[in-house]
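Both complexes shown next keep subunit A, but they swap its partner, so subunit B is in the first and subunit C is in the second.
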Partner chain A sequence: MKLYSLVGNEVFKIIMKKRLWVIVGILIILIGLFAYGEHYTRERTQSQIAERLGIDDVDDWREITNQQLLDLERRLDNPFIPEEGRASIQVRAEQLRYYLAEDINPTTFSAAQFMSNFMEQSIFLFLPLLIILLASDIVSKESTTGTIKLLMTRPVPRWKILTSKLLALTILEMIVILLMAVIALGISYITFGHGGFREPVITGFRVVNGELDASNIQTVSRGTYIFMTYSLGYIVAFSIGKMALMVSVLVKSTAASIGIMMSSLIGGTFLSFFISDWEITRYLFNVNLRLTDFLSGDLQPVEGLSLSFSIGVLLLWALAATLVAFGVFSYKDILD
Partner chain B sequence: MLKSIKKAIWPITLVSVIIAVPFFIFGILQAFQVTQGAMQEEETANGENRIEERSEEIEEVNDGGHHILTLGDSLARGTGDEEGLGFAGRTVQKLDEFLDVPIIHDNYAVEGFRISEMLELLNNNEFQEELQHTDMIMISIGGNDVRSIRGLPASEWTEAYQNIEEGYQEALEETIRRIREANPGALVVFLGLYNLDYSDESPEETEFLLRWNAITYQMIEKEQDFVWIPTYDLFQFQLTESLSPDLLHPNGAGYEKIANRIIEVIMPFFTD
Partner chain C sequence: MSELVLELRNVHKAIKGKKIIKGINLELFSGEVLGFLGPNGSGKTTTLRMIVGLIRMTKGEVFIAGHSIEKDFVKAMKNVGCIIENPEMYDYLSGWENLKILASMEKGITKERMKEVVSLVGMEKRIDDKVYTYSLGMKQRLGIAQAIMKRPKLLILDEPANGLDPAGISEFRKLIQKLAHEESMAVLVSSHILAEIEMMCDRVAIIKQGEVVQVTTVKNIVKDQGIIWKIKEVQQGKKILEEEFQTAVQLKEDQTLLAFIGEDQVSMVNKRFMEADVGLLYVNKNQKSLEDLFLALTAGDEIV
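Let's turn to the complex of A and B:
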């Protein structure tokens, strides 16, 4: 049988098994809740600010923003401000100018902001959990239901079966990321009303000698930023998916497979907190999941990490897991 | 019908993934470019050019005109002023009306500055040169130093305050020494602190503030051509009218009051 139709068959099986629809359901419910919560918090903050300043109308934001912009521009005239400070003033001024030009109150939330925040918040735990849910039964279910014996009787080599499962998984990981983007966009657009995809976002932090270097910061549009975060999300999904596939080959029951993956995901995160000064922790996959933090400039729990290092570690884990999966699957005995 | 939908699942999935792949590649490449892009060198050169241009300009005006410098924190910068002038800008404006000579004003204040950071700026060699050509220096500093105890629990305030005060005294001595080393003749105007909590009941904080002002007053007035300008009383009974919406910085009216007082004190220095 051709690999193309084998992969198609695997994709079809996963979608028909309704696992993917469970994921869609979880996404809709959770994103809906997050969006509502965010909306509620923003409204409350705004009314609190208005109360504190003694103004009835939050429309005064223009005046305040103008004042802030004026302050920043005057600070730029000072030739004795260090270069690092100058860069951050420039990007902040650029943001304020955007808000004024587009007539957007900086304290309100946009759909685009929600989209990138959602990925930033889910990349290290929620997204891996979804992928585990998707991938953990990919081989073990065949063992549980006994269909694996039927598969083996076909004149298809074992490696081809696993390859088709692997490729199907790789495709569906991307589908999950796309679903996240579409659902987040749809729900947040309904909740927050405006897109805000051209808003400048501050990024470009670098880690130099274990410290955050802001001398090269710049702005990119929120749309580009979303592309970056969701692409990095795919790398995480890719890596976690391969590990889940390996576990699924190693154990027979789907429940055990999900359990092993979840406990290593959560346990590894705890471990990295307790022994964070031990150098080996930086090679744990858990520590390297927060890829988007390199964009937003949030500090890492373990020093010495960079975007390329973290991606490298994740891909190595994926490669090792794939090799183990193939090795075991090709030679294991299928009993009972 | 159902069968054709089922048949379509695989092609649809494949096509959407193939369409999405270039976007993902774009995103990853962008992420790499942003996090390890090349340093921008031109900015630094710009900064140096500005300093050079400025000192040339100052030298030109200096025969006959006046050069005024402002240093310190956000108050010196003028944060909160609707016109963006601050007490420094307003003082210069008034001075300009009275005197018939050109005046150059350079404001090097930075929001959030503490005295240690201002001292760093004073130690800068290029800045020392700038200081030499100056006739008057206006300084507002210390507010951020004394306010830093607010983040601590009230039981630790006394001890923390004493530590801050000690460091402040040393730094202030150093500041005075630095200014006089570079420029023995300039007039130095040093602004006192006002209380932000006239409305709140916080006698402890008020006590610290008064002590702070007293110490600064003593140290400043010891020196030749150094004046200390009290602001405490200016805000005492009309806090809301004189503060900007952030409830921390003065508004235009507040800065105007400070500038009026400064002008009254310094006029003789310029008209003699």
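Let's turn to the complex of A and C:
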């Protein structure tokens, strides 16, 4: 049987289940709140800084940035700040110095900036949750309702049925990323007015042994930067989706399937806080989700990670999950 | 010529160490309806699941149209339409969308054929409604439609009459017999309703605790089924039957007479009873023959 028609069936089923509309609803509400919050904080910090400096002109970004830089340098002199915190302040300070030197205004906020910010904030928790919501019932719902018997008594080998589900899920993950981009763009355009897609962005900061390494920095346009963040988002969606698919094959109920994925997502993140110096922690998928931080130069929860290492770990998890899913799905008895 | 469509060879199944099916052998030919009878938990559904490859056999082999279900799943399943246990469908889709999805997974099911089966099961009016608005009987009808739409060589139905109304059951029975006898499908149907099985099937296989204890033709059971008379003058009637029709007569507990005579003779007996004025109240076929057999064979069987 032709694979694409099977994939078509699966995509059709996911869309008709209306999960996708729930996701669109959540996205609209959350992005709306996020945009409002961002707008509000920006205005307040700007006027606070201006007030402290005793200047009326809140639009003089050079002065504000200078002030922020001084602030950071003061905090670096504070002996009570721990080593990790110190490194992240250094990164931030370095970035500000760079903005000043290159004449880039970091205080303005554009729709484009909001878009990349939104993905940076979502990539490690919100995006995985959406994907879990979408993927967790892809097999388990068929087990609960018994429709799996319909599928498995067709003249189609089991591996082909699972492949069609896997490909449909991969397409739907892409659609979720696109939905995030479109909804974020729409809402932020209404909130912040200007686009700002051509604004230059600096990327490529790295922290090596607690020191800021600026040797690889590059300037790209904000549009390119957004494309990069959303692509990294897709990698996260891809691997979380495959893990959710595996759990969905392993357990019968959708509620259990969602529960298991959520608790390993959140539990693993907690775990990584407590045992961050343990070598094995870096192979948890949880600590490797913040892929966009490698672009922006923010500090990773576990030291010594790199973009390619993290992507590699995520893809390995996806591969292992897929193998387990296929192994179990091809051989399991359908007893109910 | 009828061909061998389904063959079970020494099929075993153990689940978590518990032996559930203990060596079933069965043959089913095209154009034949085989009733699969057995008490609750005797292993009917388990056997049917193994036949369609939903669960693996611990030991033994199943061949469908000559193809092993384990080694040649796709070729074997090309010949099978089935409903296992309940007629589950995607309830968030319409009946028609369900059929479309399932048809796309087979070869050569045309839109015309789909429309044809929809009208065969009498679902034209509701086929575009979502399945969650269907009643149990309507789901069952849709289930039957999806099972027969590819004109399978082997049709497997697990308690298909479940939820159907009397008119539905009678239509369903006619449909099954038509499929078997005109399109020479082989039909394997499990049921609890003995009268149903008796009217619909050519043969019955009775299963008890994972073993087939008897396979017999329905004709055989029905042949010595007997006729029952309810009359006022029991002794006089008994004498007439014994002396004038030379047949053995049983006087049953409920004061009815049971005799094994050919149906052609029944009207003559009735005529004689009227003449002799024995007070004839009713005359009936002995409906309990299959039930008697079933109860006798599965006596003392408890659900384990």
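Observations
Following the convention adopted for this analysis, the second predicted complex is superposed on the first by the 266 of 336 C-alpha atoms of A that agree within 3 Å, B and C clash if a C-alpha of one lies under 4 Å from a C-alpha of the other, contacts with A are read in each partner's own complex, and residues count from 1 in each chain.
One rule holds in what follows: a residue touches a chain if its C-beta (ideal position, glycine included) is under 8 Å from a C-beta of that chain, and two chains touch if they have at least 3 such contacts.
Being a predicted model, the structure only gives us computed values, none of them experimental.
In the overlay built on the shared chain, the residue A:Gln121 is in contact with neither subunit B nor subunit C. In the superposition on chain A, A:Gly146 contacts subunit C only, with no contact to subunit B.
Of the two partner chains placed by the overlay, neither subunit B nor subunit C lies in contact with A:Gln48. By the touch criterion stated above, A:Ser263 is placed in contact with neither subunit B nor subunit C.
More subunit A residues lie in contact with B than with the other chain of the pair subunit B and subunit C.
Using the contact criterion defined above for the overlaid structures, shared-chain residue A:Thr203 touches subunit B, although it does not reach subunit C. Legend: residue contacts after superposition of the two complexes on their common chain; A:Ile64 is shown touching subunit B, with no touch to subunit C. When the shared chain is aligned, subunit B and subunit C each come close enough to touch A:Phe12.
Residues 8, 12, 16 of subunit A are contacted both by subunit B in one complex and by subunit C in the other. Partner subunit C is touched in their complex by these residues of subunit A: 1, 5-6, 8-9, 12-13, 16-18, 145-147, 149-157, 331, 333-335.
Here subunit B touches subunit A in the complex through residues 6, 9-10, 13-14, 16-17, 20-21, 23-28, 30-32, 34-37, 39-40, 43-44, 47-48, 50-51, 54, 77-80, 82, 84, 107-111, 121, 124, 126-127, 245, 247, going by the rule given at the top. Per the touch definition, subunit C reaches subunit A in the complex via residues 15, 49, 52-56, 73-75, 77-78, 80, 82, 84-86, 88-93, 97, 101-102, 104-107, 146.
Those residues of subunit A that touch subunit B in the shared complex are 8, 11-12, 15-16, 52-55, 64, 67, 70-71, 74-75, 77-81, 83, 85-87, 171-172, 174-175, 178, 203-206, 215-216, 218, 220, 224, 227-232, 234-235, 291, 294-295, 306-308.
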